[in-house]
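Look at the two complexes coming up: subunit A is in both, with subunit B in one and subunit C in the other.
Coming up: the complex of A and B.
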């Protein structure tokens, strides 16, 4: 196997990287918004909303992502009302289904992370804000959210990183992402190591960047945890 | 020193937690310039009483009036009392400076940011003015060099003085202190009490829940002693600490003084 062959594979895989990046980043963003909604439902104090959110987390965290993905992409299409609904143009599209499926799944995990972070905000600091006349959204935006965000980051960065790897599953619903292109090269050339190693290295490089980005944000947000610069 | 203008008036305050009635009808009239120490053994309801004044606890019954404005309460369908108007509660709270036992400074903000948070975001005052006033307050409580530090980088005594400055930054009509020295190491108690004594001497209206007998005796204009949710005795400190008609208070003072012997008093 020549270096030229490896370079050729590298560029073929590089061309597939945007699909992986798109599915991953879109699903992370959509999932984060869904997760915030779920978290809000959990802490809303309403029994109905909180039960719905708990059931959601129970289902999406408790079943394999691959099965969720197949049900959304292959399963929903078998219902006539789905094919006639306004959402059909979206649900017949592999990219949309893959993104939706990943987003629904990460929302379940993320909402648990956010809920834990909210619960970790010291009640005394919330009380101090109330005592000076803050309430409602202002209290959330100025006090609760910044403290919770800092607490959520370590766990949430793991979730975002694990999502790059979960995105490999979309290769099974006809998307030409990094993994599916690597598998195709393996099928076509009978060379296993080179495409899979290069694809693995690309995931690794992506995650190294993501981890650095989170570490940077964490550093910026945690001045209060560092010893004082003199 | 004590004026005749009512700063806080509490009439017949009642509060129950489950089956336990913590406050069984407590009344108090604080005039401008009053420094009132609230004493009592643990479980006597003194902290709950203070927290009912700014509605951190919702009283079940009774009338609270702050600077002439009575907090409007209503009852839910189940008979539970709640504040009728949240904006009124926020407004009244912003006029009461609260100092907590555990400081409760906002950990993600520097000390200066802690001080200007309420004035800027609740009272909508111009930032430059708030910063200038905050720096002066930090100087006043003796931690002018800590403006850029985070709460976790300060000692307990410094944190509590910052918390007092934060409460003062709201230009409150009345200061409420909820056991401000109880979480401090003994050698740090003095620096906080000194700041509080300074405020009292300026003529600030203060309600102080405390275990510091010497401080209550020397600084208060009146002392209120709560026992099992009712006012056992209230009066000027020289009267109470002199020859008190309440045997219970005498016993409480001797017990507390004994338990706290060896600590620096002011």
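Coming up: the complex of A and C.
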């Protein structure tokens, strides 16, 4: 095992990093919007909407992501009507399927985080806003959303971090992400430890960066809670 | 075959295979949770011992296994331990490849991940035990082991039950990744069925439904365990 070999592996893996980053970032963004919709359904007060959202969360949190991914990638493609539908160009694409299934899964976890954050907004703040004459969207934009956002951040940052880890599963649906390239190097060279270790270190570094970024945002958003510098 | 008869128990039905797969999933996850409990207890001990080296080791361990993809850990443990076994075998004069049994590799991989999380759960549980109770145990002359057995461990376990429930769910879901090693658990059975029948949707939906059944039943068990463990605390909350 020479250092040159390890450096070669490092650059091969680095070339695969964009795929992992794309799947991860796209699914986190799409998942966040879906989660907001689900949270809205849960707190809408409508029995039907909240039951649907509850069932969604139960199914997607109660089963492994791997089987969800396979249902979407292999399962849906087995139906003729899906292959003839407008969605087929999307559903036959491994990248789109992987992103979609990661987004659907994180939406379920995130919506529970958002719901908890929403429930944690002190009722007094909402009452005070109403007493000042705010209502509807203005109340949400000025009072509820900023407080809920700050409360959601710690749990949401671990969800986003767990998504970088989940993105490794896309290697099982033919995408050339960090994990599948590491496995291919292992297969081609019969070197077991080095490629997997380097890939693991890359995921670890990525997660450390994400954690740092969230900690920074959290710090900036809670300035009013720190003792004032005199 | 049409409709739901692939899940039947008769000839050509996959019912029994599915049930066996679900049983294997539960078995491998339970073994991983137990193995993780040992690892987690050691990690929590390292953090709480006050020893700097042990603390740093435990912090590093839990950071690594919580920051690296589960799938990568499964591959690393499976391929890594097989390579290690082969090397040891060759050194002892056995030629050829020696594979790690998939069940053991799965328990090791999922267990180590679970252990990294369980360490935090136990540490939180220990810190929640009232200091006065530990002091009282010392004051009446209990040895360290006795106070651990009688005072600390029961309460840490009680505080840890909700967290352990979450980690059990996580172990169940992580166990699906062991399918890449060929262990015939629920995910693998669904895959094999899907491939041999050319009906992937039915098989994956069936597997998914079984996962949901297993998670909801075991969730109930953890809820019951929590109710049982906190029955002594009920009186305070029952009067509203």
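By our rule, the second predicted complex is superposed on the first by the 230 of 230 C-alpha atoms of A that agree within 3 Å, B and C clash if a C-alpha of one lies under 4 Å from a C-alpha of the other, contacts with A are read in each partner's own complex, and residues count from 1 in each chain.
Here is the rule we go by: a contact is a pair of C-beta atoms (placed from the backbone, for glycine too) under 8 Å apart; a residue touches a chain by one contact, two chains touch by 3 or more.
The model shown is predicted, which means the values in this text are computed figures rather than measured ones.
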Clash-or-fit label for the pair subunit B, subunit C on subunit A: fit
Touching partner for A:75 - first (subunit B), second (subunit C), both, neither: second
First, second, both or neither for A:128, with subunit B first and subunit C second: first
Comparing the two partners subunit B and subunit C, which touches a greater set of residues in subunit A: C
After fitting on chain A: smallest Cα gap, subunit B-subunit C, Å: 18
Where subunit A meets both subunit C and subunit B, residue numbers: none
Residue ranges of subunit C touching subunit A (in the complex, touch as defined): 64, 67-73, 75-76, 79-80, 83, 169, 172-177, 179-180, 187, 190-191, 194, 198-201, 204-205, 207-208, 211-212, 215-216
Complex contacts: residues of subunit B adjacent to subunit A: 54, 56, 86, 89-91, 93-94, 96-98, 100, 102-110, 117-118, 121-123, 149-153, 163, 166-167, 170
Interface residues, subunit A side, partner subunit C - complex: 58-59, 61-68, 70-71, 74-79, 161, 164-169, 171-172, 179, 182-183, 186, 192-193, 196-197, 199-200, 203-204, 207-208
Residue ranges of subunit A touching subunit B (in the complex, touch as defined): 122, 124-125, 127-136, 138, 142-143, 146-147, 150, 221, 223-225, 227-228
